[in-house]
Each structure stands twice: as structure tokens, then as C-alpha cells.
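Two complexes, one shared chain (chain A), two partners (chain B, chain C).
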Partner chain A sequence: MKKLRLFAAEELALALRSRWTQIFALVFAALSAAVAGAGYVLSGGQGVQDFARTAVSLVQLVVLLVPLTALVIGVLSLAPERGAAELIYSQPVPRRTVLLGKLLGLFQALAAAQAMGFGAAGLLVYSQAGSEGVGGFVLLVLASLLTTAIFLGLAALLATGAVGRKRTRALALALVVWFVAVVLLDLAALGIASVLPSGPASRVLMVAAIVNPVGAVRTGALLGIEGTGAFGAASLALFRFTRGAGGVGVVLGASVLFWLVVPTLFALRRLRRADV
Partner chain B sequence: MSASRMRAVLLALPLAGMAAGQDMAPILPAALEGRPPAADTSPLQARVDAAAPGSTVEVEAGEYHGDLVVDRPLRLVGRGRPKLVGSGHGSVVRIRADGVTVEGFDIDGVRAGDLSRDSSGVHVAADDVVLRDLSIEEAIFGIYLLRADRAAVERCRIRGIPGRAPGEKGSGIHAYDLTGFRFLRNEITEVRDGLYLQNASQGEVRGNSARDVRYGLHYMFSDDNVFEDNVFENGAAGTAIMYSERIVFRRNTFLRNRGFASVGLLFQGCDDVLAEDNLLADNARGVFIEGSHRIVVRRNVIAGSDVAIVLYDPSGGHRFEGNSFVGNRTPLELVARHTDTTFAGNYWSDNREPDLDGDGRSDRPYRLSTVFDHLRGNLTAADILSDSLAAQAVGAAERAFPVLRVVPATDPSPLARPPQLPGVPPAGGPGGGPRPLGIAASLALGLAGAIVLARGRRPSSAAPSCGSGAAA
Partner chain C sequence: MISFRSFSKSFGAQLAVDGLNLEVARGEVLALLGPNGSGKTTTLKAAAGLIVPSAGAVMLGEPPRSAQEPAAREVLSYLPQKVSFPDALTGREIVEFYRELRDLPGERVPKVMRFASLNGAGERMVGTYSGGMVQRLGLAVAMLPEAPVFLLDEPTAALDPDGLCAFDALVQHAREDGRAVLFTSHQLGDVERLADRFAILVGGRLVACLSASDLKDRLAERGVMRLRFAPVEGRDWTAEAVLPAVRPLAPAASWSGDELIVPGPASVRPRVLDLVRTLGIEVRGLTADEGQLGELYRELVAEAAPAHGEGAK
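Moving on to the complex of A and B:
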């Protein structure tokens, strides 16, 4: 446990000193503040934009930017150079501890970077007139943290496959994974749905929104923040598909849990078998 | 309205109900209540019966149990807010003589009575009646106006029966078959329909609010009415205007009508309606128009709807001018192959066309649809992905390479910036203002992040101690 914490602390320190994390923190803060500010400006000063609508835009920002950063920073930090890998893994520490510690450190660094952004956005939203509580805000932060953890796990899976090999390949793969999760899966689902009759098409869309980690986080966050108004009539279609609001929670939770745990487990297995 | 036209329209009602997704059948009045039995009669009855017509009866503070019939022209004035507690077997105050004024009472309907016999806080079946400064609670109907021409209801507060299903409640103000009415600055909550108007014409409805109801405004066969500065908020079904002509809506607020089939403002079978300077925000659907003619919607703010406009009419001659459409999920759902509705000089917040010549208008027409709307039209579930990047990518691609025949509706001169609409009421929600809890949470979060990040900036204090100099 102490070793785990040591590795986490080391990784955190490295990540915080990395230009990538610093750039991400700045960009994320600027964009969140811009989204939160624009919400008010776009409404023509009519004051109808309250947190629910701003949160939708912030969720969009999260599911776009956070997976990308987690994957890129994760792969860059977790797939070390040949010499460094040999050095680390020759230490009297289980490989599992090394990887988990590094993941923990990275998570802390990225969470800190995001916290700055959310803090700025929250200040802008909550200092304006409105009636929303902080529940939606908490949910948004939670969604962001879950996305970070999920995609760090995926980054670990990619990085452990690249031990001893070139990091560029893992990095390219990371970009492919991001594109598939954020755009391609939904696009494919929409394409397939548009040629199917409405019953099966509906199911294809629901499944796409649940199975895809990005979709699951987005759907869960928006439903939590906006209630059934989140997707209009489609919310109710989703409720029927999963047999009630509780069903939606269970299904989305299961999907998120799967993506949290399974890639990391595979990464650990791969690392154990890897010939460093 | 002629009887034959009403009959024709009544035949069409089941259809209308289907379209609105709610039961919309007209509600016919029950037989008129007479005098209550002695055991249910208010102690004030003797004073009312003894008063000379045209005189003023002043009632001092206190509780008066029982129902009261006013059948001679009187001014009944409460001093120090006396409370009239109903018997629970019918309407608490029954006004049966022309020219009665009732003001300054609290009226308690004791959560009892009979919906099918129109049990009300105040039941009026006479002309030229004035109801002022009444507070009516827990009655089935708040105020029932039956053939009460020139009735005036002012500054009354009506609160229905909380927790009871809408089907077991009556309206806040129920107006049936009258002309020349005035409803001013009343506040209505927790009833079935806030204002129910049927065959109620040439009236003015100004400064009222209806919140937490089924229909904020439920309205049919009522012509030449003016609605100004009213608030219809949090209705399970929104507002519905049906089979009526020459109605004006000005500076009203239609807010948070979020039920499954809720509409901010629904017009069905209506002609020559003007809606201007209204705020329609956060409704499931903003404006809904079916089977109507010459609906003019101008200078309104229509914001935060799932669908801003639902339009059924190929040839209604409707006009949308100078409105501000902000943050709606989709601008138009057209349930027809084409429409002659014109859109001109509106602002659309999702319009990304530039204004290079600086004339305040986008350089190209705004098309009221995306390819995603096309998919959504065939498949409700598509909305589940409507916030995804994929949906936006499809939309962008379609704009670049138009392949589908999409909704044939465009705004040829869209505004490049949101217009100043000083007439539109602001959406100051309850509890509006900065929220300290949110600010504190944001500050804590930002600070925590900043502290952790700052630690990384100082290499000495965060020196790694595990011995490996990995990737330093």
C-alpha cells in the first residue's frame, strides 16, 4: 500500500510538471468558462439559461475533451521508454502496484486540472440569477471523473501492449479509440438506425447509448441533471426499454462499471505476462 | 358562436384531443345549486337576507361555518379577513343576484364537495358581479362563473387541493358562457386548469399567474379576448387555445411546461391570433399550431424547448417575425409536406451563418431543420444521440452536401445577433439570484485543483522518493 502511494505521488508530481497537463488545465478552464459565460450571452440576457442548459454544454465539453486528454496523457506516461521500463520493473515491487500507482497519480493530476475548470464554470453560473441547486453540478463533476478513470484504464491497456515497443503506435491507437468512442460508434448507430424499421432502430440507438462508455456517461449525466426533459420523448422510450427509471440507472451503472474495471484488469494481465 | 358551428366543432373534438395528447373535451356545467339545508347554512345568511338591496354588509373578523347564498344586490365586505368555512356539501358562496360585490374574505372549501356538481369557493350565476381580494383554499373549483356577464375577478388568490389527482380537481377560475369579463392580478396554484374559458368572449385577462396545474389556460369557443402580462408556469400540459378567433397575447410568460405532451402555447382551430412580446421558455414544445389560420407570432423569445414550433398546417398563412429562438433542441417539427407559413427576421441561436456585410442579417437564409431532424421525425429514440458529436457531424456534412429533401421552411433574413426585445418579460424564476452554496462549492473545487497543480510547479517539495528516475 505504501509503495502504491509512492508510485502515485511520483506519477502525480511528474504529471503536474508535464506541459501536457498544464496545457490541458488551461484549455479546459478557458473552455468551461467560455461555455458557462456563453450560456448567458446566447440567451440574450433574458436569464432563461440556468444551470441545466449550461450543464448540457459542459457535458458535451467533458465527453469530447476528457477522453482525449486521458488517453493521450495516459499513453505517454504509462508506456515508458525502454530503459526506464527496465529500471522500474527491476525494482522489488509487483508490476501491479507500479501500474495502479501510476494510474492513481495520473487520475489525481487530471482531476485537479478539471477541478480548476469546473470551479471557474461554477463561479460564472452560480453568481448569475437562477434557481438550480448544486446537484447537477456535482453530477457533472462526477461524470467527468468517471470519464477520466475509464479512459485512463483504456490508456493503460494500450500502453501495456506497447511495452518495449514504440510509443507512437500506442499513441495512434489511442487516437483511434477516442474517435471510435466519441464519434464513430454513435455515427454507425445512427446510420444503421436510419435504414431499419423503427422498432429495431430504436433498440440499436438505445444499445449504442448504453454500451459506449462515452454514451453511458453522457446519457446518465444528462438524465440526472435535466430529468426526463433531457431527451424529450426519447427519454421515455429509454425508460420503457430498460423497464423504468431504476432500470436506466442499473444499466448505465453496469456499463460504466464494466469500462472502469475490465480494461484495467486486462492491462494488469498483459503487464504481468509482458517481457519487459 | 352559432350553435351549428359549435356542434360541428364538437364532432371534431376527439381528433383534437388525440393531437394534443390530453383530454380536451368541453366541460358542461351542472344544475344550479339552490339554498343549502339549514344545518349547512352560514350564520351570515340571516344578515344577508335582512339587508336592503344595494346596501353594504360589513363582516368582522372571525370564522363562519356554513354555506352562504347571496340573492340580492349587495356589497359584502370583510373587515380583518373573516374566514368562511364551507359545509363540505356544495359551494361556499353562491351568488344568484346581479350586481353583487364580495371582497376581503378568506374562503375554505374544506377539501370536500362534488366535482360533478361544480362545488366551488365562489359560484356565480348572475351578471355584473365583482370578486375582489378573496383568498380561496382547498375548494374543488376556486371561482365558477356561469353565464355571469361582465364578471370582474381581481387580486384573488386561489389554491386548490394539493396532492389530489388533476381528474378530481376543478379549475382555478372556470368561466362558462359569458362576455365582457375582467380577470386581473389573480394568483392560482394547485388546481386542474388555472383558467378555464369556454364560450367566454370580449374579456381581458391581465397580470394573473397560474402555477403547478394541468393546463395553465384551457380555452375554447371564446373570441375577441386579450391576455396581457400573465404567467403560466409549470403546467403538466401547458396552455391550449382552441376553436376561437381574434385573440391577442402580449407580454405573457409561458415557463417550464415540461409534461410529456406539454406546449407553451397551443393553437388548434384558431383564426387571427396575435402573440407578441411573450416569453416562452423551457417548455417541451414552444408553439403548436394545427388547423388554424393567420396566427401571427412576433417579437417573442422562444427558448429552451425540445421543439420550438410544431406546425401541422400546409396553408394557414401564419407569420413568425422578429422572434428570438434561443437554445431550442430543434426549431421546427412540420407535420405536413410543405407549409406557406413565413419566417422573417427571426434570430436563431444555432444559426452559424456569418454576417459579412454587417447589415445585422446573416448572409444566407436559415433553414429550419437539420438532417438530424429528418431522422428524428421518423424515430423518437434518435434524440438519445442528439447531443452527441455524431449528430453534429451528420448535420455539418449535410449542410455541406445537401442530399435529403428536408423541411421546406427557411428564414430568408435571419438576424445575426439576438434582438433587443424590451417588451418581453424577464424570466426571473423563484429564488433567482446568486446562490452561495454553488459559489462556495465552485470556489472549493477550483482552489483544491489549483493547490494540487501548484504543488507540481515546485519540484523541490514534491520530490519523488521511490528511487527510480523514470522519464525525469
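Moving on to the complex of A and C:
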């Protein structure tokens, strides 16, 4: 446990010094503040939107940006230079300790970077609109952290065994994974649904929203913030499909848990037998 | 302390190491030699638990445990061939990290920093280091735990003369402390000076394993003595006169220009000299050369290459 924390601390220090993390923190803070402030502009200077409405607007930003940065920063940090990997894995420490420690450190760094953005947006909203709907905002932050953890796990899977030259390939794969999870799956589901009759079509959309990690987090966050109003008729269909709100929670939770645990487990398994 | 037991490793169709049996004992310094791509790094990596043997096993410590087990690597310090560190950490932070990882007392840090002459650069990011400084930092990390087993992959490749000197002291020290050292190098000078034993890999196979005294004998056999004689009026010191007398002692003796050439072990040289004196010849010049490790190495490799050439490339 002490060794795991040691790797986490080193990775955290490295990530905080990395240009990538710093850029992400700044961009994310700027965009979050912009989203929060946009309500002010849209309402013609009447005041910013409350926490719940801001959270809904921020979900899109989180879903787009957080997987991308977790994948890219994750792969860059977890697929080390050959000479560095050789030295680390020759130490008397199980490989899983190394990987889990690094994942923990990266998670802390990305969480800190996001905290800047959420902090800025939160302060802006609180100063203008008070604390109404703050529960939804907290849910959004939670969703963002879950997304971070899920995509760090996927990055670990891509990065293990990608020592030295293979780093570039792992990085390219990370971009493909991001594109598929964030863009392609939704588009494909919409495309398929558009040619189907409405019953099967809504089922396709629902499955896409549950199976895809990005979809599951987004659906969960929006339902949590807005309740059944989130997707109109589609939410009602989803509730029917899963037999009530509890069912939705279980299904989405299972999907998130799956994506949280399984890629990391595969990464650990792959790492155990890999040649460094 | 290190024991390769029929260790083989292939990467796809490429057989990198083929059935290696080799032991390195306490207090022994073994140099692993061989051409590029002959499997030296693969051998060391297996001992560092970095690669899974395709066949056989590599054991560390006493009692022997598989290098694959993390706990077995407590006894180990490994310096990779091209060691590298995260650019954004300082030299001191890196040494400090490995100190904590190996549960070592804090006073080790200034010691190894001084050894590596990195005191001035300790607070700088590794990204600003030169190649040799990175290599020195690698050595500093490797000597941090005073581990009983040292695995060093071309440790001297980027070192300046001062660094080399420090490295020699390190190896000497390790030998005196009864540690086992296994290192690779293409610098045969370093090898000859430091090692107690020499193992030569060609195409992944161990083609020779010589102790330092074996090596001395082998090199002495390849030595050569050259004699020049003072001319004396009316006497003929040419090949016809001298060679038949010398040949029973040194069958390979020959005449070249005005020199008598006596190849072979150093032990025959005094006897040849005595003989020459009894013939009444005055010796005016004598040079003796010992065999060169480089030549012996090239011969051993060339001998092995036809047989295992297909394995090498």
C-alpha cells in the first residue's frame, strides 16, 4: 500500500508538471466558466442560470472533453519510454502495484484539473443565483470523476505492452476509442433508429445509451439532475423498459461499474505476462 | 546468486537466447560479451524479471527463486542498456523515489549523488541532462540499495574517464562485499580489467566461458617474442643457422627480416633465450607482446558464427 502511494505521488507530481494537464485544466476552466456565464448572456443580463441548469449544460462539455484528456494523458503517462519501464519493472514490486499507483496518481491530477473548472463555474453560479439545485451540480462532478476513472482504465489497457515505439500506436488507438465512444456510437444508434419503426428504434437508442460508457454516464447524470423530464418520452420509455427509476439506476450503475473495472482488470492481466 | 537454467527466449520466430546455462556466484564479476544482437540484453532482462522465458528459468538469490517473483528481486539492482527517466523530475527526486521504494535510509541519497558526481545537477530536471549524466544517474539508482546482485547492461557506454574510474571502484567494491555482478560491454579493455569470468554469446548461444586465469593462458599462448641479434664478423645468424636449433623448443619459430620470431606461451621464452646464449649469440633487441583479448574474442566469435549464423540474423 505504501509503494502504491509512492507511485501515485510520483505520477501526480509528473502529471501536474505536464504541459498537457495544465492545458487541459485551463481549457476546461475557461469553457466551464463560459458555459456558466452563457446563461447570463442568454437571459439578457437578468442573471446566470441556477446550478441545475448549469449542470445540464456542462454535461456535454464533460462528455466531450474528459474522455479525450483521460485517454491521451493516460496513454502518454502509462506507456513509458523503454529504459524507464525496464528500470521500474525490475524493482521488487508487483507490476499491478505500479499500474494501480500510476492510475491513482493520474486520477488525482485530472480531478484536480477539473476542480479548477467546476470551482470557477460553481463560484460564478453561487454568487449570482445562490445554491438552488446544487445537488445536480454535485452529481455532474461525480459523473465527471467516473468518466475520468473509466477512460483512464481504457488508457491503461491500450498502454500496457506499448513500450517504446509502440507508444504512437497506442496514442492513435486512444483517439479512435474516443471517437467511437463519444461520437460514432451515438451517430450509429441514431442512424439505425431512424430507419426502424418507433418501438424498436427507441430500444436501440436505449441500449446505446446504456452500453456505451459515455452514454451511461450522460444518461445517468441527466436523469439525476432533471428527473424524468430529461429526455421527454424517451425517459418514460426507458423507465418502462427497466421497470421504474430503481431499475434505471441498477442498469446504468452496472454499465458504469463494468467499464470502471473490466478494462483495468484486463490491463493488469496483460501486464502480468508482458515482456517489458 | 544468479542462475540461468536452460534459459531460452524467442520473440516470434526470432530465437534471441538458446538454452543458456550459466551461474554467477557471490563475489564474482562476470562479463557477458558478444556481437550486436547476440542476446546479451535479453539475458540480463530475463534475470531482471522483465521477460518471461520461452523455456527454462532464471533464478536469483539464495535460496534460488524465480526472477519473475517480485520478492525475489529484492536482491537485485538492474541498470538497463538505455536507461531513461521522466523528463520532468529532478535527479534528486528520482533517487529519492527509488530510495523510498527500496526502504533505504536517507543518508544513501547524498552518497550515491556524490558517487555519480551529480551534486551540482541534482536539482535540475532530467530533461536537461546530457546522455552521460543520465547514465550516471542510472548508476546512482543502481548502486542505491547495495543489492547482492548487480545486472549492468553496457554500464560504461556513455561514461567519461572520471565516470569510468568511479565505475571501476564500484565493481571492485561489489566484488569485495561478496556481491555477484553480471555486466555486458563492448569495451574489451574494461572487461579485461574488471571481470573474473568471460562468457561469450553468439547468436543466442554460449560459445565460450573463460575464467580470468584461462584467459591469461589463452592470451599468453598467443603472445610473441621478437629477438634481434648483434652482428658478429664472420658468423652467420641467419635462419638456416638458428632456426633448427630453436624449433625443438618453439616449433612455430620463424625468421623475418633480421628478427627471430618466437610465438607461443611466455614459459618458453627464457628457454629460447638460454639456448641462444649457449650458441654464443649476443641479443641486441627483445620485444614481447601478449595476445590481445580483442583478437581472441574475434576468433571465438568467428569460429562460432558459421555454426550459429542462422540464429543470429
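Brief remarks follow.
Simple rule for what comes next: the second predicted complex is superposed on the first by the 264 of 276 C-alpha atoms of A that agree within 3 Å, B and C clash if a C-alpha of one lies under 4 Å from a C-alpha of the other, contacts with A are read in each partner's own complex, and residues count from 1 in each chain.
By our rule, a contact is a pair of C-beta atoms (placed from the backbone, for glycine too) under 8 Å apart; a residue touches a chain by one contact, two chains touch by 3 or more.
The shown structure was predicted, so the numbers you read here are calculated from the model rather than taken from an experiment.
Touch criterion met: A:Ala13 reaches chain B and chain C at once. Of the two partner chains, neither chain B nor chain C is touched by A:Val195.
Of the two partner chains, chain B and chain C are each touched by A:Ala84.
In the superposition on chain A, A:Phe137 contacts chain B only, with no contact to chain C. When the two structures are aligned on the shared chain, A:Asp275 is found in touch with chain C, with no touch to chain B. Applying the stated contact rule after C-alpha superposition, one finds that A:Met1 touches neither chain B nor chain C.
With both complexes placed on chain A, chain A has more residues touched by B than by the other of chain B and chain C.
In the superposition on chain A, A:Pro94 contacts chain C only, with no contact to chain B. Once both structures are placed on chain A, chain A residues 3, 6, 10, 13-14, 17, 80-81, 84, 87, 91 are touched by chain B and, in the other complex, by chain C. Residues of chain B touching chain A in their complex: 258, 260, 279, 281-282, 284, 301, 303-304, 306-307, 324, 326-327, 329, 347, 349, 375, 378-391, 393-394, 418-419, 421, 424, 426-435, 437-439, 441-450, 452-453, 455-457, 459, 462-472.
Of all the residues in chain C, the ones that touch chain A in their complex are 11, 45, 48-52, 70-74, 76, 78-86, 88-89, 93, 97-98, 100-102, 138, 141, 151. In the complex of the two chains, the chain A residues touching chain B come out as 3, 6-7, 9-10, 12-17, 21-22, 25, 42-51, 53, 56, 59-60, 63-64, 77, 80-81, 84, 87-88, 91, 108-109, 111-123, 125-134, 137-138, 141, 182-187, 189-190, 193-194, 198, 201-202, 205-206, 208-209, 215, 218-219, 222, 227-229, 231-238.
On the side of chain A, the complex with chain C involves touching residues 3, 6, 10, 13-14, 17-18, 80-84, 86-87, 89-95, 273, 275-276.
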